[in-house]
Structures are given as structure tokens and as C-alpha cells.
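Both complexes below contain chain A, partnered by chain B and then by chain C.
Up next is the complex of A and B:
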């Protein structure tokens, strides 16, 4: 626990100088404005919760994707990767804490989307605050686990930036980040359900429902399962990649 | 004549820069997949509100936006010359520094137009948006015109970002998002909030996109004024970039900071 808190405090200090964070906050803002305008044209104010949750999830995903590529690169550039791996503390726990701390910033995207909704005269009401809190926590934990898988993929690639850029929108489309999965073609839907964004969208949107919050249990179980699978796979892949790099002496080489 | 030669070389350097990031395979498999998914992403909003007319509007707007994205992001390419320490050489050379710097945008314009043209058949088929064969030359011409106009904005942006290169990604993305929100890409200008629509009037692409939509929708809109407005908008941004480049060079020489901030 002391290790987790120590890493999180350290990462929070480093974050103040991160240049990509303001960039990531642009996404939810722009998508929220676009969605509000489109909802206005379509005269569908009933879709207000989509225009809040969707932009937030776009920010969550973009940050998860970006931080996955930057985390190890930053350590390499600062020549701290070797001491990090050599330290007796678990490298996987340190990396998870670092990625998780940065992912907290994406909560600002939710505030941006809520503010945009209010600015467009379509404020949203949280009818189930506990569901919102629970959904927010599960979403960020799932994003952190997904980041860990991406860290492993990017560390094995020579040009993480190219792949980061390439998967950004395809995952947002397949994951049903801004639209319900039912809008996507039927053959895509099983694939969408393997991406945490689709369940996060269902779960967090339920908190804005004026009636009973439906589907909370199913979405929660799915998010927990995806988090465990992603975290396990990501942890194993990162462990393998770092072990190989230690064996062939390429740890500090990009 | 020499300026043309400098422009040609600068365009080639821009092309080489791109090939250091992408191989032909990663450009097609990675970049094209990403941009096609981007258009699908925004066009799905039409499916969300269950309005085919809105979907069509989103498809056309976001397809044209694909040509603007690499063009405006070309501002980042300009900043690389300072970051890599090449700027003092460009300034010391007897050729026009502005041509060398702004010329880097040529490859960005080409990349933008090629991106949109390659994505168009896939997107238009996917969303069942027909295009009359006879309209294709005019549509391509307007796409090129809009991209060239956007290069004017990228030139000023590049000149400003040369002063603070660490903000290059934020600045260029801000410009791309501003165009996405203000230029009638996702909703018509008349449905855009007044403040945003006003910004759209001075941004490139707004009038070119109206012209493209009028051809696609076969509406009787006079294209001439729209083309002139688009040209004037891009030209104004480019002219505004010239004193910025001059200031940067003068300031950099005076303070010895051409190769560092």
C-alpha cells in the first residue's frame, strides 16, 4: 500500500509537466460540442446522457492509449527504467500505479462534458449517484488494465506512436464509446462486448436514467471480468517483455 | 525561379519526414484504417439520432475533414526544423527562409488530399452516399482548394508554434478541433452556435465545404463567390504568417536562439 501511494504521489508530481494532458482534455470537449450540436439538429434531447458519457469515454480511451505509449518511453528517456526494474518492488505494481494515477485525469473529461451540456441548455441530472461513482471507478480501473496490455504491445514495437495513432478511432467505433452497441452491425456486436468501453457506456449512462438503473449488475460483472483478464494478460506480457529485454541487454534501448 | 526550387526541395524534405514515420504498409494499414474509422465514428451519430439525412451530412463533412487534418498538422512539421537545429542553416542560406519553412506544407496538403480521396470510395459505399461521375472533377478541385486554403492557416500556426515548439501538438490539434466544430463539418453553419459559426467564417474549409455539399446535393448555389471566399481566407492566413516568420528569424538571430527556445 505504501508503495502504491508513494508511486501515485510521485506520478502526480510529474504529471504537472506533462504536455499531452491538455491535449487529451481537448477530445472530450470537442466531441461533447459536436454531439450536443448533432442532438440539437436531430431534435433528440432525450439522448443527453449519450452526449455526456460518450465524450468522457473518448477521453478515457485516448488517455489510456496515450499513457500506455508514454510510460515506458519516459522511463527510458530519463534513464530510470533500469533502476526501476532492478528495484525489489514489483515493476508491474509500479507501472500499474503510474498508469492508474494518470488515468484519474480523465475524470476532468466528464466535468467538461457536463459543462458543455449545461452550456447548450441541456443539463443532465444524476438520478443514481452511487451508480455513477461505481461506474466511474470500474471504468478507470478497466482503462488502467487495458493500458497495461497496450504497454506490453508498445514496448514490443519499434514505433509505438504509429500504432497508438492507428488504433485510436477503430477501438472507439468497435467499443461503442459514443453510441449503444445495438446501433453497430450485428456481426460487430460480439467484438464490441470484448472492449470495456461498451460496458462502461451502459453502466455510467444508467446513472442518468430517471427510472430504475437497469443492467448495472451485468455491466459491472463484465467490466470486472475484462479488468481481470486485461490486467492479468497485460501484467504477464509486460513481465515477459521486460524479462526478455533484461536477458538481451536492450532494456534502455528504444 | 529559385523560390520554386526551394519549394520543391522543401516538399521533398516533407515527404522524407513522413516516410521516416510511416512505411507504405503502415500508412495504408494504420493511417487509412484510423481515418476511415474516424469518419465512421462521427457518422454513427446520425444512426444514434436515427436520421439518414444527418448521417449523410456527417459523412460528407467528415470525409472532407480528412483532407484538412494532415494539412493543418503540417504546422508541427514546420516546428521540427527548430527542434532539430536546422533553423540556423535555413536562415543562413541565401534562399528564402519562408519558402523553405512554408514549403514543408506541400507534402502535408498532398497527404491530406490523397487520404480523403482514398477513403472516399470506402466511406461513400459504406454509408450508401452516391456521387455522380460527372461531378468528380469539380469535387476533387474543391477538395484541393480547401486543403490549400487550410495550408494558409497551417503556415501561420507553424510560424507561431515555432516560438513555442513544446505546444506544437496541442496547438495543431486545437486548430483541427476548431475546424471540426466551427466549419460546418457536423452540422450546418446555421445550426452552429453563433460564436462558433462566426469563428468558422474566418477559418479555411467552411466555404469550400458548402460548395462541395451544394454539388453533392444538386442545389442551385453560386459556386464562384464560395471559391473566392475560400481562396481569400487561406490567402489571408498565409499573408499573416509572413511577418510571424520574419519576427521569429529576426528575434532568433538577435538573441542567438534560432536553434533553441
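Up next is the complex of A and C:
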């Protein structure tokens, strides 16, 4: 735990100085404003909670994809990967703490989207705070696990930027962060369910429901399963990538 | 506690593209010793350090640090080592020196208070206490090198690897660094140092290995290495009549051991049996100045590697 907290403190300090706040704040802000305008024009007040959760999830994904996914590459480019690997702390745990910090920071986007909704005269009320808390935690853990997969993918690729740009919008659309999954073609919807964002959307939106919070158990189980699968796969892939780098001598860039 | 390698090999690539970085290195370094690895660029010094610090997996052979195998027991090795890589990069530039060291403490699994204590103590030790809270990006190369050095010591390592640690240090800081290395050895740690700096190697190393093309050419004390070039002492003399002196000296030691250095100066390679006779002959020849010496480590280095020029 001391290792996790220590690395998270370090990562937070780095993020503060490396000016990530525009990325953290601008994406959800822009999407939140657009969504509020769309539901206003379309007269769909029933999508009020979606217009809050969607922009947050856009921020969660963008941070996972553009910031957390680059963690290992960034360490390698800064020549800080070798001292990290040569230290006794588990490199996988350190990386998990680093991408987890990025996920945690994305919570700012949720606060922002709530504020934007209030500014547009459509404030959301949390009817099930425990569900919101639970959903928030599960979403951030799932984002962290997914980030580990991205870390391994991008460190193995010579053109990570291409992948980052290519997968971003398909994931956001399929994950129901930009439009609700229910309005996607039926044949696409099973694919949506492979993306943690779609379950996170269901779970967190349930906390804003005035009636009973439905689908919490199913969404929770699905998120936990995707987290375990993503975390396991990501951890294994990162371990393999590091092992390969020690074999072919690519921990440091010449 | 020691560093041992046996038939240690490391190559990169395969087939025709295969390049050999380490070609069967046998090495033994005992506690309390400072061992220097000396050689030109591409000799294999940094590769050896990276294998011993678990950053590279050896292609063949065995390496143990403090009794632990660098491949099978990498985690145990990492608990016992400190690594100092040279260069301007490798630090979190937007963080302060203190924050960099604290983070290194975290990676060495120290508690927060212990990491703080070690960081403060080491910043003092490397002379950066007054700039401890300034972002590293504003540091000179030499100051960054000191942060590297301090970071390598955060975990209180039993074995310290220094890869060209004085690159960029001014002469005063380099002298202080030599004192620090001496202190580390006196504390019973092993220090393995790679360097191009002959004076540094002579000043701080108990033993020096000469590396070339992945092979250890010799491992000796710095003084003993001089004997690899010349088993003889040598006498430098400024004479009045060069031709007469050459003839007389050649009769004593052989013509091939008498070299003209210019400005009426001659160098005579002698052995312990002939030094006295050469000195007597020189006095008879009316010399203006005479000195005796052994080859410096720099001359040993140039003797072995001087033909390489700029080649890697």
C-alpha cells in the first residue's frame, strides 16, 4: 500500500507540473456543453443523466488512451524506465499505480459535467449515492485495467499515435459515451457490451434514477469481469513486453 | 557479498547482424573494493553493467551479485544494488531533486519518512542541499549527475554500479566524487565503475579491468597494469650529445629500448638490473636532467586502444 500511495503521490505531482489539466478538463467540458445543447434542442430531458455520465466517460477514455496508455513509452523516452526496472519495487504495480492515478484524476470530469448540467438548468439529483460511489470506483478500476492493456499495446507498436487516434471514437461510440447504447443498431450492441464504458454508463446512470436502481448487479458483475480480464491480460502483456525489452536491449532508447 | 561472472556472454541480433557485446567475461569483485572497467566506446562496459543490474538478460554464462543470480533471482539482486547511469536524461525534469530522490525511495520500498530522511541526507552529501527543491530541468549537467549519484544511493545498496559517473562534473566536484567513492568502499560496499578517465581510475580503483570488444584483456591493480606495457622501469634524460648517448645506452640495454623524444631528450627502458648502470652511464655522458618512472594508466590505455582512433 505504501508503494501504491507513494507512486500515486509522485504521479500526481508530475501531472500537476506537466499541464494535463487542459486535457482533463476541456474534453468533458466541451462534450458536456454539446450534449446539453443537443438534449435541449431535441427536447429530451429524459437524457439528462446521460448528458452528465457520457462526457465524464469521454474524459475517462481519453485519459486512459492518450495519457495512461503512453506511460511506459514516456518512461522509455525520458530514460527513466531503466532506473524503474532496476529498482526492487514491482514494475507492474508501479505502472498500475501510475495509470490508476490518471484514472482517478478523471473524476474531475464528472464534477464538471454535473456543474454544466446545473448551468443549463437541468441539474441532476443523486438518488442512490452508494450506487454512484460503487459505480465510480468500479469504473476507475476498470479504466485502470484497460489502460494496462493499452500500455502493452502502445509499447509494442512503432506508431502508437495511429492506434490511439484510430480506436478512440469507435470505442467511445460503442461504449455508449457519445450516444446511448440503446440507439445503436441491434447487431452492434453485443460488441458494446465488451467495452467497460457501456456497463459503467448503465451503473452510474442508475444512481440518478428516481425509482429503484435497476441493473446494478448485472452491470457490477460485468464491470468486475471486464476488469479482471483486462487487468490480467494487461499485466501479462506488460510483463512480456518488459521481459522482451530486457532480452533485446530496448528498455532504453539509444 | 561479491560480484562474480563466469563465461558471461551477451550478443545482440542474430545471424549476420549478430554483434557480440560481451564475449566470455570472468570477473570477481570482493567487498570493500572499487573495481574499474576501462575501455573505449563499444568495449562492452555499459552492457556488463546492465546485465549485472538485471536490465539485460545475458545470452550465455552466469552472473551473480551478492550471491544472487541476475536472471533467476533478479528481485533479490535489485534489493541490493544501486545504479548510477551517466548523462543528462533519466530524471523527472519537472520535479525537484528532492522529489526525484523521494520517488527513488518509494521504488526502493522505503517508508515515506525513511525516503525523506535518505533524500535529505544524500542531497547534503552530494552538495545539493541548497538547491534541493528546485526543478531539475534548470540544473547544469554536473548538478544532474549529482542527482543521479544520490539516487543510486537512496536504497543504501551493498553493491553500487557507476556508469561513467563523473561525466560533466567540474574538477572540484570530480574530486569530491572520488572521496565519496572511497567512503562507499570504506563502508564495505562493492563499487563497480566504468570510466574513460584514466586519472579517475588510478585515483579510486583498487583493481582495473581493461575491456576490448567484449573481452577482458587484463585485470590488475592500476599500478600493475603499467607493467603490461613495460616490464621495465624507464629513464628519461636530457643529454648534451644525443648521438653519443644513444650509442652508449644501446650498448647497455639494446638499441630498440632507446627512444628519442626530441629536444635532446632520450627515453631508455630498463629493467631493475640495468637501471643503475644506465643512470651511471648517463652521468658519465654529461646529462642535464634525469628522471625514472613507470608508465601511467593512460599510456597503458593508449597502448591497447590507441589504434582505434574514432572507430567504435
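In the analysis below, the second predicted complex is superposed on the first by the 246 of 254 C-alpha atoms of A that agree within 3 Å, B and C clash if a C-alpha of one lies under 4 Å from a C-alpha of the other, contacts with A are read in each partner's own complex, and residues count from 1 in each chain.
Everything that follows uses one rule, which is that a contact is a pair of C-beta atoms (placed from the backbone, for glycine too) under 8 Å apart; a residue touches a chain by one contact, two chains touch by 3 or more.
Please read these numbers as outputs of a predicted model, since none were measured by experiment.
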### Message
For A:74 in the superposed arrangement: first (chain B), second (chain C), both or neither?
### Response
neither
### Message
Just to be sure I read the superposition right, which of the two partners does A:173 touch: chain B = first, chain C = second, or both, or neither?
### Response
first
### Task
Look at A:127 in the shared chain and tell me whether it touches chain B only, chain C only, both, or neither; answer first, second, both or neither.
neither
### Query
Should A:193 be classified as contacting the first partner (chain B), the second (chain C), both, or neither?
neither
### Message
As a test of reading the superposition: which chain, chain B or chain C, is in touch with more residues of chain A?
### Response
B
### Query
Between chain B (first) and chain C (second), which, if any, makes contact with A:47: first, second, both or neither?
first
### Message
Just checking: does A:248 make contact with chain B only, chain C only, both, or neither of them? Give me first, second, both or neither.
### Response
second
## Note on the structure
Per the touch rule, the chain A residues reaching chain C in their complex are 2-3, 6-7, 10, 13-14, 17-18, 78-80, 82-89, 94, 243, 246-249, 251-252
### Message
Give the list of chain C residues in touch with chain A in this complex.
### Response
12, 50, 53-57, 75, 78-79, 81, 83, 85, 87, 89-95, 99, 102-109, 111-112, 115, 135, 151, 155
#### Entry: Touch list for chain A against partner chain B, complex
19-20, 22-23, 26, 29-30, 33-35, 37-42, 44, 47, 50, 120, 159, 161-163, 165-170, 172-173, 178-180, 183-184
### Query
Which of the residues in chain B end up touching chain A in this complex?
21-22, 26, 29-31, 33-35, 37-38, 40-42, 44-51, 54, 58, 166-167, 169-170, 173-174, 177, 180-181, 186-188, 191-193, 196
